[in-house]
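First the structure, in the form of structure tokens, and then the observations on it.
Labels A, B and C are assigned to the chains in the order they are written; within every chain, residues are numbered from 1.
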Amino acid sequence: MRAAPRGAFGPISRTVVVAILGIASVVAVGPMLWLVSTSFKDRGDVFAVPPEFIPADPTLDNYAYVWGQADVQQYFVNSLLVSAGTVLLNVSAAALLGFALGRFRFRGRRLLFLLGLSTMVIPFPAIMLPLFVATKEMGLTDNLLGIIIPTAAINLWLSVYILREAFGGLPDELEEAAVIDGCSPARLLFRVMLPLVKAPLATSAILVFTLTWSEFLWPLVIMRDHAKFTISVGLQYFMSTLTSNWHHIAAIAVIASLPVVVIFLVLQRYFFSDVLAGSTKG
Amino acid sequence: MEPIQRRNLLRGGSLILVAGMVSACGVFGGTSGGTDSPGSASGSGPVSLEFWTINLKEGYTPYIEGAISRYEQDNPGTTIKWVDIPDFEQTQSKLLAAISGGATPDVVNMTPFILPKFAATGAVYSLDELTPDTASIAAEYNPGLWDAGVIDGKPYAIPFYGSVSALIYNTELFGKAGLDPDKPPANWDEVFAAAKKIHEKTGASGFVQTLDDFDDAGNPSDILAGQAGAPLLSPDGKKAAFATPEAVAHLEQYATGVKEGWIDRTSVNGGVMDGAKVLAQGKTAMVFLGPWILRWLEDNTDAETFKKFRVAVHPEGAGGAANGFLQHFAIPKASKNPKQALDFARYFSSTVLELAKQAPVLPGVESIAEDPYFQSTPETKVIVEQEVKFYWPKHPAVAELFAALRTEFQAALLGDKTSEAALQDAAREWDRILANGQ
Amino acid sequence: MNDSALETRRGRAARRARPGRTWRTVRDSRWGWLLAVPAVGLIGGFVLYPALNTLLYSFTDFNGLTPASWVGMRQYTTLATDPVFHRTLLNSALITVVVTVLLVCLPLPVAYWIHRGIPFRRFFRTVLYLPVVVPIIVSSVAWKWMLDEGGLVNHVLLTLGIVDEPVSWLSDPGWAIWSVAGVIVWRAFGIYLLIYLAGLSTLPDEHFEAAAIDGAGHVRTFANIVVPQLRGSIVLSSVIAFVAAMRTFDEIYVLTGGGPVNASKNTAYYIWESAFSFFKFGYGSAMAVVLLVIVLGLVLLGLRLAKGAR
């Protein structure tokens, strides 16, 4: 049951819309194309005026150089571990609480929601120092968990909000039927409702994954061992004052972006599938 | 205002609950001495030192690791854990967090920008506390670089390497403008005249002098003190003294230059590397940066373009030499083995020739500057032949002072204010910050 | 089941009043709190606890290095007369309003077009999401280069004849803040498109078919069906965009450093600068508290309005 009947647009409006989206796409990918193109350029062509869109003399040297820096592979693996761990922790905790907030009326639930909401608007620099101390006290410096747990916590309410809406929006009949069947809340959550909120779960997952992947201040502050740095931190070695060689930055930027592109391409079918259609099959 | 002790806080009326929660974890009160690196009583037994550098990992790892392993071989039982921080700006955040958490390094690469605050708050050792004879140590180092780490008469840091701005210019643009590439401008009147001519004849800007960067915050002080000869502070150090007629007139030139296009507009809010990029693109003819930028230019332009760039001594200003910059090592108070840390810091400074051969910088150790290497090329000659001066105040609030100065400079360069008003406003802001006695 | 699943919120709300056996009507604190434990632990330990310290710092002159002294309300009275702080509040408001409005509104028609089967929709969907996946620090630096006087943006605009002379996107105080806002919108657009597409995918086709039978054009379908049906997604987008825009830091850090002349400095950046550059943790903390109070007030107001509108 895919939406979108064909031919919903007449020839003129179709042309106009495609033109608009085409321009938007150029704006959207322009900077990335520029990065990709720069990543294949020879050192001398980076500053060419006017800018060269397609490198006259493409080279793979930049990738070889950047990937050859032993640590880059380590950063890359760390980033994958950290982002995946953060998503897992964040989305599981948020799913439980989102379910509770969406389906239960319990004492203190409003207060809890407001407290949580306030965590979303605190600028990170304001809590960075005490957060460091707390994380250190727990012995999590130089441990990837020292990135995973705080990052999951800081972005938790984003997912809670999304999932609360999702669980709250499911029809009451599901729950009534479950109650009549003598189903426990846990069973209702895992067996009945969780499969129905796949799209919001995927939305939270990709949001949190993206935010974690980009985070550069916290991982730098909390990690002391180079071997535990993430790619966003490692990137800065290539972007700093003494070292900002654009052909290298571009290559590592492309490397750093690829996994997120792949994950998006893999996950995207969950966003666009018809959730409720799934629910009626059972 | 007495310092809050934990106990006082607990008695603190309605805040009891909050304070209790906080003090339970020891957040409050900053330096809660380190508890890690166990079993390393000073003097005997195995010693582990944590060593922080700034932005040397990419490109200099073999040098650092080689130097560390030589030290470890010569000092059995000592191991060095090296951490490199990617960016100058983040060193301070990371260090502050580490100190609050009691997880400080033993030797840390600092800049004159952050050292004064750490010295004033007792977060780093004065070298006097670690060794009886600092005078003989001082004698080994370049006096200008050493002096940058002396605050209120006490030395706090071992110089690692320094950098003095030189003039780096594009000979092709000089030629097109009818200027003699062999006679680069030697003072600021000549710089301005050359810049106007270059802009008139080639359309490119004459020079770029960037303001908006943490790394080159020396530029505003160089413009005032080095170029215009205005002292930054009054002799007692309590008031700003830079709003002199000479400084106003000099800043006025900058404002006019930006307006008319013979000073590159990137100056207003660009950083060091933005300035370097404009030079690399041939859009400006001159920059005033340390010769280390040549390494970058070589990496980012083709061989043909790179040949156009040449180095000369920094134009002489009314105040004499150009403002320098340096990296030095300090020993945090939380170090378990401060004496060994000092020994390592001195050792590491002595290895700087290897670094200088990769990127032309001025060694902290004076005898190294006499190495024949520094006579081998024009850019290395420039390094050792120029005088080093540090105009900026060694005041704990130096970062704030410079932020204020930069903001007012931007206002003047953009024409929002007259140069006179900008400098007077900046001076007022400095007086306020200095009076706060941070 | 199929019909009820397609009911609107209003229908469900009406039915909720009927006695039914669901946990929504039973006050079951036990289960609710049990499910909340992991989340409460995370938030409590890693956000609220540090935030409590921040609150405490705001009444001290804490400098990050030495034990702090209690200064009562001094930081707050200083804030009241600090023109830079006022400027940053204004800038935060400007960035937030512009970014929120653009991010909530712009992706809506795009989502509609894609959902209704415009040609190349899969392509557009993917391409428009791409900016989200590039690490912020990289895309911001790339934009910094492109927005340069002699950068790609000016080059394109000059070539197309849209402008006559290069625009100083980052060094003109009048432009800097809008450049920052523009980069944020560019980067985050895909997230909101995604939220709307996810929302649209739960809408049954019958709505569109019915509208087509009624002879409604796209504009009417969009206004009468899509916007009301997506109200939940729109509120969600507004909340996310609002808090994200309020917290904006990375883009300013890379693009402008808050300049020129504080023209693009927002409160989050000023907090960072005060604390980590100027060692004024007490002062930065007080700013954070003031900002939090303002924002929380606005969010509550917004949620109440959204609820009232239902």
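Worth a mention:
By definition in this document, contacts are C-beta pairs under 8 Å (C-beta built on N, C-alpha and C of every residue); 3 or more make two chains touch, one makes a residue touch a chain.
Computed from a predicted model, the values in this text were never measured in an experiment.
Taken as a graph of touching chains, this assembly is complete, with every chain in contact with every other.
Between A-B and A-C, more contacting C-beta pairs join the chains of A-C. Separation between the centroids of subunit A and subunit B, computed from CA atoms only, is 37 Å.
Computed centre separation for the pair subunit A/subunit C is 15 angstrom, with centres defined by C-alpha atoms. Across the assembly, subunit C contributes residues 49, 53, 64, 145, 150, 276 that each touch 2 or more other chains. Each of residues 25, 27, 93, 96, 100, 271, 277, 281, 283 in subunit B touches at least two other chains. The set of subunit A residues touching two or more other chains comprises 49, 128-130, 133-134, 236, 239, 246. Those residues of subunit A that touch subunit B in the complex are listed here as 42-47, 49, 69, 71, 128-130, 132-134, 136-137, 141, 217, 220-222, 224-226, 233-234, 236-247. Those residues of subunit C that touch subunit A in the shared complex are 1-2, 4-7, 9, 12, 15-16, 20-33, 35-40, 42-43, 45-51, 53-54, 57, 64, 110, 113, 115-121, 123-139, 141-143, 145-146, 150, 152, 155, 186, 189-191, 194-195, 197-198, 200-205, 208-209, 212, 218, 232, 236, 239-240, 243, 246-247, 249-250, 267-268, 271-272, 275-276, 281, 284-285, 287-288, 291-292, 295-296, 299-300. The touching residues of subunit B, when paired with subunit C in their complex, are 1-5, 12, 15, 18-19, 21-22, 25, 27-31, 89, 92-93, 96, 99-100, 117-118, 121-123, 212-214, 265-266, 268-271, 274, 277-278, 281, 283, 396-397, 399-400, 403, 406-407, 410-411, 414, 416, 438. Against subunit A, in their complex, subunit B makes its touches with residues 25-27, 50, 55, 57-59, 81, 83-88, 90, 93-94, 96-98, 100-103, 215, 271-273, 277, 280-283, 292, 295-296, 299-305, 359. On the side of subunit A, the complex with subunit C involves touching residues 1, 3-9, 13-14, 17-18, 21, 24-25, 27-32, 34-35, 49-51, 89, 92-94, 96-97, 99-101, 103-109, 112, 114-131, 133-135, 149-150, 152-154, 156-158, 160-162, 165, 169, 171-173, 175-176, 179-180, 185, 189, 199-200, 202-203, 206-207, 210, 213-214, 216, 231-232, 235-236, 239, 246, 249, 253, 256-257, 260-261, 264-265, 268, 271-276, 279-280.
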